[in-house]
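Take this structure, written in C-alpha cells, and hold onto it; I'll ask about it next.
Just so it is clear, A, B and C label the chains in written order, and each chain counts residues from 1 on its own.
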Amino acid sequence: MPDLPPPPDAALIRARGLTKRFGSFTAVDAIDFDVAHGESFGFLGPNGAGKTSTMRMIGAVSPRSDGELSVLGLDPELAGPSIRARLGVAPQQDTLDTELTVRENLVIYGRYFGLSRAECGRRADALLEFAQLTERAGDPVEPLSGGMKRRLTIARALINEPDLLLLDEPTTGLDPQARHLLWDRLYRLKQRGVTLVLTTHYMDEAEQLCDRLVVMDKARIVAEGSPRELIERYSTREVAELRFPAGIQDSLDGQLDGLAERVELLPDRVLLYADDGEAAAVAVHQRGLRPETVLVRRSSLEDVFLRLTGRSLIE
Amino acid sequence: MTASSLPLTGLFRLGSRRARFLVERNIYVYRRTWIVLFSGFFEPLFYLGSIGFGLGALVGTVSGPGGQPISYQLFVAPALLASAAMNGAIAEGTFNFFFKLRYNKTFDAILSTPLSPGDVAVGELVWALIRGGIYAVAFIVVMAILGLVVSPWVILAVPAALLIGFAFGGVAMAATSFMRTWQDFDLIQLVILPLFLFSGTFYPLDAYPEALRVVVQLTPLYQGVDLLRSLVVGHLDGSLLVHVVYLAAMGVGGLLVVSRRLDKLLLK
Amino acid sequence: MTVMSRVVELRAMQYRRTFRASLFSSFLNPVLFLLAMGVGLGTYVDRSGSATQALGGLSYLQFLAPGLLAATAMQAAAFESTFPIMAGLTWQKVFHAMYATPIGPRDIVLGNLAWIALRLTMIAAIFTIVMTLFGAAASPLILLAIPAAVLTGMAFATPIAAFSATQRTPEKFNAVFRFGITPLFLFSGTFFPISNLPAAIQPIAWFSPLWHGVELSRALALGTIGANPLLAIVHVVVLAAIAIGGAAWAFRTVERRLVRG
C-alpha cells in the first residue's frame, strides 16, 4: 500500500502547518508549501531560517513535531525507508566516505539501495562521467577540491535514479568557476525531468535554478512565487545603488525623498528602487548630491528579501 | 503525530537484511588496509609464544577447569583466544565506530538511503563478528598445529569466541555512542587492560583471596575465558550455560542501547 | 640550547592536554603488568622447581620488574616518537610554524628528543619507586637503572622519530607497534630468559635493542653488574650507537620534510 506511486499531477511534496521544534526552540514554524512533479523548487533564506530542518523532514530522517507532511504521496514517519529509496540527498556538509575511493563511494552507496553490483558499477561509471570525475575514479576522496567533492556528493545522490533530488546549499563555499559547472550539471538534471528541491542563501543561485521558491525567515515562509513574480511583486524593475563619502550618508535624511518609489538606507550604501534607475540617479545629481559611485542594476531576489525582512541575505 | 511515535514505525526495528550492505562497505575498506586486519591475528600468537611457551616452561602445570592439572600452554591458549575476541570487538566498537559516527559521517550518509539506525548497529556488529570469527578459526588452527587441541569440544570454541565478540562489541558500541572526544577512550583502556590481566587469563583464580575471587568471577571476560577454557579441555558442566546467558544478555543489551542512541543522534 | 628549550616547552604544553592518556600508558600499564605477571603468575612460577634454576635463584617478581622497566621505556618512547611527530609535521604543522622562526630543523629534532628523554626519566623514576615498594630492588645500583632505561628508550625514540618524519599518514604506525614493539616486548628476555627460546632463535634476540636494555637494567637492579662488566659496556655501546645513529637520521628526515613542506 505505501509503495503506490502518486497520480501524475499530484504534488510530490505537500506540507501543511509543518513544524519542527528542538526543545523550546522552534526551527520551522507551521509552514505550508507544495512541490509539483518535474518542478525545481527552492527555499531561499539566510542561515538559521529553518531551511535545513525542513529538508531533513522531507528527507525522512527527522521526525516532524507537528503538522502534516507527505513526500511522494507517503508519510515520512510511516514509510521512511520507502521514501528514502526514491530520494536523492546531497546534504549541506559533504558526507562522503573518506575510507573509500571516489568510485567506491558511488558503488557502495548504490548497494545501500539494494541495486545489484553490476548495476551499481554501470551507474557509477556514467555518473563519474556526468560529474567530470572519471579520471579521479580510483583516488581517495580527501584530496579532492571542494567543487569535486560537491559534484561527487550530487553524483552519489543520483545513483538510485531518484524521483526527487534534495540539495541543501549545493554551492556554498565553492569558487565561481566550480559553481557555474555545478549549476550546469543541475540544469541538465532539470531538463531530464528530475524534480529538484534546493535550499540556498544565494539569490543568483535561486534565480538560476528555481522555477518557484519560497522565501524563509525566522522559521516562517514570508513569500512565495517564481523569481520573476517575487521581484515584480516586492521590488521595482531597477535599483540604483549610491555610495557617498564617509559621513555624508548620515546627513542625507529626507533629502532623497520622492526620487524613487522606495529608498533604502543601508550602512554602506543607499538603494533607490525605481523602474528607471538611470533617471533616479540623474535626479539625485540634480538635487546637488554627489555620490562617489553610482551603479544601476536590475532588481534581484536580494532586494525582495531586504524588502520583506529589512535585512540582507548574507550578513 | 509526534516524535515519540517514530520508533514504533519500523525505524527502530533491530536491523533488516539491508544491514549486510554495511558489512560489504567494511570489506571494501579493508581490502586496502588488510594489513591492519592481518596484524590483529598475530597479537594473541605472540602472547602464546611468549607467555604460553617461553614463560610457561617455567610454570609447568596448573589446575584447569574441574581441578585437573593441565599444561600451562593449554591453560593460557583459550584465555588468549577469549581476550583476542574481546579486543577485536572492542577495537571495532570503539575507535572505528566513533570515527564513522562522529568524523566520517558515514552513518549520516547511510541514513539518507533505505537503511535505518537498527541496520547500522546490526551491520557494524556483524562485521566485527566476522572479523573476530576469522581470528578465532585461525587461532584454533594454530593451537591444533601446536598440539593444544585435546577435546572435540574445541569445535564449539569458535561460536563461543563469536559470542564473546558479540557481548563486548555490543557494549563497546553502546559506550561509544555516549562519547564526545577521543580523550574519552582512555576510560576504555582503563577497563580493558585490567580485564585482560586479571580475569583468570594468565593464572588460576586460587591465586586470589576468596573475596577477590568472587569479584573476578563476576567480570565479563572471566565468563568468556572460563567458557573457552572448559570447551578446549572438554570439561562441560551447567556453569557454562550461565556464561552463555551472561554474554548473550550483554550483547543484546548493548545492541538495544546503541540502536536507541543512534536513533537519537542521527534522526534529530 | 635556549632555542631548543622552546621546542621542549611546546611539547610540555601539549602533554598537559593528554596527561590522562599518558599517565595510563606510562604508569598504570606497567604496574598492572607487574601485579598480574610478577605477583599473580609469579606465585606459580616460584612454586615450580624448574624456575629456580632458570632464574638463577631469583623470585619471578625480581626477575620481571627490571625487564618491565626497560620495556616500558621502549613503549613510551615508541609512542612519543610516532603520533606527536606526525602531529607536528602533518596534522597541526607546528614544526613548520617553528621553522618559519629562528628555530632550525636540528633544534626541532633535539628539542623533541630532549622532551622524550625527560618523559622517560619521569616514567622510569616512578616505576623504580614502585619496583622498590614491591620489594623487587636488590641493590642501590637500581638508581642507575633509571638512566639505563632512558638510554633504552632513546635507542627506539630516535630511529622511530626519523621514520615518522617520512610518513604522511599514520597507517604504518600500526605495523610498527604490532610487528615491532609488541614482539620485542614479549621476546626480549622481559618475561623469561632468552635461554628458554629455541636455540636457533636465541641469537636473533641479541639483535633486539630491548634485550640489551633489559639485561642492563636487570644487572643494575640486582646489583650483579660487577660479574660481567664487559658485557654491560657492550650493552651501553650498542644502545648509544643506535640512539646516536637514529638521531643523525632524524636530522635528515625532519629537515627534508620541513624544506619540502
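To be clear about the criterion, a contact is a pair of C-beta atoms (placed from the backbone, for glycine too) under 8 Å apart; a residue touches a chain by one contact, two chains touch by 3 or more.
Because the structure is predicted, anything quoted here is derived from the model rather than measured.
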**Report entry** Neighbouring chains shared between subunit A and subunit B, ordered by label
**Finding:** none
Report task. If we define chain centres by averaging CA atoms, which chain lands farthest from subunit B? Would you check? Result -> A
Query raised in the report: Going by C-alpha centres, which chain is most central here?
Result: B
Requested in this report: Could you grab the centroid distance between subunit A and subunit B? Build each centroid from C-alpha atoms only and quote it in angstrom.
Outcome: 47
Query raised in the report: Any idea how many Å lie between the Cα centroids of subunit A and subunit C?
Result: 57
Query - Centre distance in Å when subunit B and subunit C are each reduced to the mean of their C-alpha atoms - result: 30
**Report entry** subunit B contact footprint on subunit C (complex, rising order)
**Finding:** 18, 20-21, 24-25, 28-29, 32-33, 35-37, 40-41, 43-45, 48-51, 54-55, 60, 171, 174-175, 178-179, 182-183, 186-187, 191-192, 196-197
Query raised in the report: For subunit A, which residues are in contact with subunit B within the complex?
Result: 22, 56, 59, 61-66, 77-78, 80-82, 84-85, 87, 89, 91, 93, 95-100, 104, 108-109, 111-114, 156-157, 160
Query - Residues of subunit B touching subunit C in the complex - result: 33, 35-36, 39-40, 42-43, 46-47, 49-51, 54-55, 57-60, 62, 183, 186, 189-190, 193-194, 197-198, 202-204, 207
**Report entry** Touching residues (chain side subunit B, partner subunit A) in the complex
**Finding:** 1-3, 5-6, 9-11, 18, 21, 24-25, 28-29, 104-106, 108-116, 266-268
